[in-house]
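Each of the next two complexes has subunit A plus one more chain, namely subunit B in the first and subunit C in the second.
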Partner chain A sequence: MIRGGRAIDGKRVLRLAGGLQMRTGNLLAGACLVAAALALAALATGLGLTDTGLADLFRTLAGESLPGAENYALWTVRLPRILLGFMVGWAVALAGAMLQSVARNPLADPGLFGFSQGSMTMIMLLLVFLPAAPKSLVVLAALAGGLTVAGLLLWLVGSERSSGLSIVLMGIAIETVLSSFGSLLILYLPTETSIALSEWLAGSLFQANWTVIAAFAPLFVLSLAAIFVLGPAMATYDLGSEMAMALGEPVGRSRPLILLTAVVLSSAAVTAVGPLVFLGVLAPHIAGFLSPAVARARLFLSALMGGILVLLADALTRGLGGSLPMPLGLSLTMVGVPLFIIALRLQALRKLQSH
Partner chain B sequence: MDRRSLHLLLILAMLAIVLVVHLFFGFHAADLPNLIAALQRFEAQSYEEAVLLFQRLPRTLIAIYAGGIAAASGFVLQSLVRNPLASPATLGVNSGAALFLVASALLFGASAELQGIAALAGALAGFLSSLAVARLAGRRNDPRGLSLILSGALVSMLFTGMTNALLLSDPARRAEFLSWVTGNINHVYIDRLAMFWWIGALSVAILLLFARPLTLILLGADKAASTGVNVPLVSRFAIGAAVLGSGSAVAVCGPIGFVGLVVPHIVRPFMGNNLVHALPASLIVGAIVGLAADLIAREAFYPYVVNTGLVTDLIGGIVFIVIVKRFYLSPGSREAS
Partner chain C sequence: MRFLVSCAIAALLATSPVLAAERTVTDDTGRKVTIPEQPEHIVVMHEPLLGIPLMDLGLDLTGSFGRADDGSFVIAVDFIDTVLGEGKTKPKGFGPVGQLDLEKLRALEPDLIVASELDAGKADQLATVAPVYLQNVGSSKVYGFDVEEDLAALVGREDVFAARKAAYEKRVEDLRAKLPFDPAGRTYLPVFLTDQLNVVGDSSGMVQALEDLGYSRLEVGAPSGASPAGGSMMLMPLSAEEFGKLDPDVLVLLNSYMAGGRDEAGTRASLSKIVPGWDQFMKPAKENRILFVDPAKVITPSVASAEHMLDAIAGWNETTQ
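Our next item is the complex of A and B:
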């Protein structure tokens, strides 16, 4: 029941029976990205000191047993890293793409806006005042922190008419304040906790394990549902909220829902690996560069791109860095800033052409 | 006596009070006569006197130096770049100096003097890269210079990230720089102050010397040129002096952020835009803020002593938010744009 055809703008689309239509270009890009993610993951299983890799993985899946060191490297270190890295990148990039549509600001990013730092600060407050708190409370604290910063930013920035750059600057300022506040909080933590924390503060996959993955997986599935449900609204928000209202979008209901989804995604990612700045703004831009898309397709491609970028950054730091234990957040910043500047430049060029 | 001189006297009195509190806070009142005598003799006979002479006094001097220089160069930068958010911390100057200093020490094993020169080069490099990025990403429609500040923030993030990566790559020497990198006023850095103080003094002297022509430039480049001021030369000299001066402060105690952003906004309402009056006032108020921040860092979190840079980041970030809110997001400014 799938028919090919052309959309109003002349691009090739596939039409499904229910009236759903997808652009062939986006489908192709999606397939390529999935293939790239799988290839990267396969490559990453073979990166590291212990000599093991994809072949060993298939062998264990077929029922053979591996020697201790290889088994440990594969199942306890590398696979959790790859899986968690992909899912976290997915979540952060998705949050970024959603924020960009709702805020109508191409520079929106949960890290740059300070949401991640808000989650961190709240988690640290919890660890200082209630050291025996259960894990579930940590997740809630992260969510509360992210929401608080989101509310603060909305209150500070006021109406959406204000210029895009000032929101970013405001977010960076909030981030600075919160991160120095966080460094003060570290003082009041017991030494063991603070050493583990400082690694996590920099954003790293060192502590990836199957428990974290099991906790994160349901959210990953939910985020797929969110893409499906919220996707169409994004296309209308991209046109501005007046236009969205005119197109029948229940702005009063869907805007808070989208914001909440973005904050949930980013705070879950922070709980798992720490803050990853720039990922949320980079992934949608690169995905859009590969294949311009709107609505669900844009969210899906951006999220895939986010996962790939994290896999790539992690593989690069492990492969090239060698003995250098570089945290993921740091390598993302060092790759992210130049790319961000290029994105700004491209945006400026586009503006010049349109004027 | 006019209003400005009165204000100047007032802040001088405040400086004296903060100075005394910074030096003597925490000592027993009964010890004070002995301590003052020790200060005059410059010779310690007891533990308390040694603490005063060899820990407190160096901290005081560094705090005055770092605060005063940052404030003066912040005022000049804000005036010349015509941006209320300009300061050594927001234009990549501090992070550039920190990166170059750490790189020279870790990669080339530079001595302390060479590290200072590297910091000066880094300060210039940071400022110039911020300008370059702003031009690259330049929006024609950006009359209020927000993209310059955003570029500064991006350059700072990149340079700070590179500094951290360098430090991670050398665990053996990491401890040596780890607290310096976040801006730490500490008595052990007094050697560095002894080495580099003249750079800051020179740059302040240049700025004070150029105070009159700079004020004329603020009224408009054409007007200044018509009174015989060599506008490009004076502006470049002044910006160079401001950037190098704050680079030297970074070389002493690491990046103490945001003093240069905050102080000009405190000074301007009282002293006006005329640099002849505002520059000395900025120096004094900067010293007061530096001393106060150091006092908070030292005493407020007892039994811990935190890095002074943390305190200034915390306070300065809040002021930054207020400035963005007031200058860029209030209804009046939107109409004006």
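Our next item is the complex of A and C:
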């Protein structure tokens, strides 16, 4: 049974029979974002040289066969890009939102903590020593790199009473060291390896195919479970680790678990499309502007926004279609940063008006 | 039963031209690739290193990565014009450099995609369109116009290559006879000017021509940390200080495609920015032992580029005599 009501702050909420409570505004924002993601995906099925799109997709789903070019464009190029792009954006944004709560810092994301650099450095080292390494080994290397950084971070930060700021500062230090090492590797590696790495560092959905999607899909499902399991802890971490402990949050156990989840999500995304710089910061902020939320709702809205931003960026990349190369990382910045600036500016104006 | 056997034989005969028209080869990275016996719609992933050698064998390219949709070239130099001469049919592009468009590639209906070992990471995706053959182009792996010879074997044009090579070797002999000295035992050093000095690698028509004449490369030590085996065209960077001390019998200078001019004046100006006053103290400069060549003509691993180099040496020989 679902009942309507109001929360302590006066906002409308829906209360479920089990005691679960959801803000109506968050639900509405979530529904709008899902609708926006579906609309964008539908639009993206029609972007490209071949004249095909959503109508043809429905036709094939209904059992009709398409001519070779249309079938190839839809099923080999566009749908894998759309699905992988959304899942990767979802994963990076979710990791960013989790880390921001743990660090109590709105700038935290997998890049700032050094997780992305850890994964990248390990992949680079693998490619140096084993240029023809299979993709499964690349995934493991990315995961090992991210986990090593997370372990190092936890060890350096020390006790569970350490503040979020110390995690961020230590993360920046590790990230800086690893970035320098990465630059050194690119500079001194043979040209062919450097070129391959540089292309990957710029970010691209070119490698999107059903095999990669099949590998990423279980992680996407697990991320949904992580939102439900770890979401409530985020609300307590937003108040600081000491307050979280005071509220009964087992920080010693949950913080490593949150970091591990963020590392796995970030490493998988880095392996699939390269580092998506700043997405972990952009998406939670824009989602927070659309509908301020905490706990599960914040994670869900942030992840949805991350997926939408990557879909938008890929649509821009493919929509331009001219002779101008547009790596995913660049188009993501072009799409996300103006939205980010507008959101921050409107937030500032809103605050000014309320005073 | 007899009817079924007849049908099976008929079906086999009907498909046999297709079966016979394909063969399986192993590319330079060890991949097994089934390609048409006589590929007719070839697409290349690197025009100067793979496309020019194929066109030098008399083939027309269907597509070339880096060209625009209308066939115009996106970088400063159109190698088809500079190496093979103007008026050739230009291949079509399939996305800007760094952003390959698989749909555009498929629309070209290629039956073979020739890529380099640098494209190994893209091979699986490219293979969704057509068979992908990865050819080594790196300086440490191939020499002179080996790439053209390898590709001639790939596309079944060994006879064309043999004829091209025989004509080239005749020109080498003729030129050697005209030179006032025997190049054997003399050294050369090719240096490509970008914003730094780069020693050019072994995979080019230029190097093939110089060494076939008898010149041998001046060995230059790799600076610490540099990779002498890396790169597709360049062997390694060279410091301005080290460069000033070098004294090859022939210093071959090539100016960047992006710089103001690829002629002698442009090359001299570019080098003066990197090594000011070089023409006042370098022995090859003072003794007029410098050969200025246009990289857009001689740098590709093709017989045509080797012939351009022979032309450049012949012209230089006439002016210095």
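The rule is simple: the second predicted complex is superposed on the first by the 269 of 355 C-alpha atoms of A that agree within 3 Å, B and C clash if a C-alpha of one lies under 4 Å from a C-alpha of the other, contacts with A are read in each partner's own complex, and residues count from 1 in each chain.
In this section, a residue touches a chain if its C-beta (ideal position, glycine included) is under 8 Å from a C-beta of that chain, and two chains touch if they have at least 3 such contacts.
Quick caveat: nothing in here was measured; it's all calculated off a predicted structure.
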| task | Classify the contacts of A:341 with the two partner chains as first (subunit B alone), second (subunit C alone), both, or neither. | result | first
| message | Quick check for you: in the superposed arrangement, does A:157 touch first (subunit B), second (subunit C), both or neither? | response | first
| Looking at the overlay, what does A:326 touch: subunit B (first), subunit C (second), both, or neither? | both
| Once the shared chain is lined up, is A:251 touching subunit B (first), subunit C (second), both, or neither of them? | neither
| query | First (subunit B), second (subunit C), both or neither: which does A:66 touch? | reply | neither
| Which holds for A:169: it touches subunit B only (first), subunit C only (second), both, or neither? | first
| message | In this superposition, which partner touches a larger number of subunit A residues, subunit B or subunit C? | response | B
| request: Examine A:180 and indicate which partner it touches, taking first as subunit B and second as subunit C; both and neither are also allowed. | output: first
| For subunit A, which residues lie in the overlap of the subunit B contacts and the subunit C contacts? | 188, 202, 324-327
| task | Please give the residue numbers of subunit A that touch subunit C in the complex, ascending. | result | 48-50, 69, 72-73, 76-77, 132, 188-193, 195-196, 199-200, 202, 204, 206-207, 209, 317, 321-327
| Sites on subunit C touched by subunit A in the complex | 29, 68-69, 74, 93, 95-104, 106-107, 117-118, 120-122, 124-125, 128, 138, 225-227, 229-232, 234
| note | Contacts from subunit A onto subunit B in the complex sit at residues 156-158, 161-163, 165-166, 168-170, 172-174, 176-177, 179-181, 183-184, 187-188, 202, 277, 324-327, 330-331, 333-334, 337-338, 340-341, 344-345, 347-348, 351-352, 355
| said: Looking at the complex, which residues from subunit B come into contact with subunit A? | reply: 85, 133, 136-142, 146-147, 149-151, 153-155, 157-158, 161-162, 164-165, 168-169, 182, 301, 304, 306, 310-311, 313-314, 316-318, 320-321, 324-325, 328-329, 334
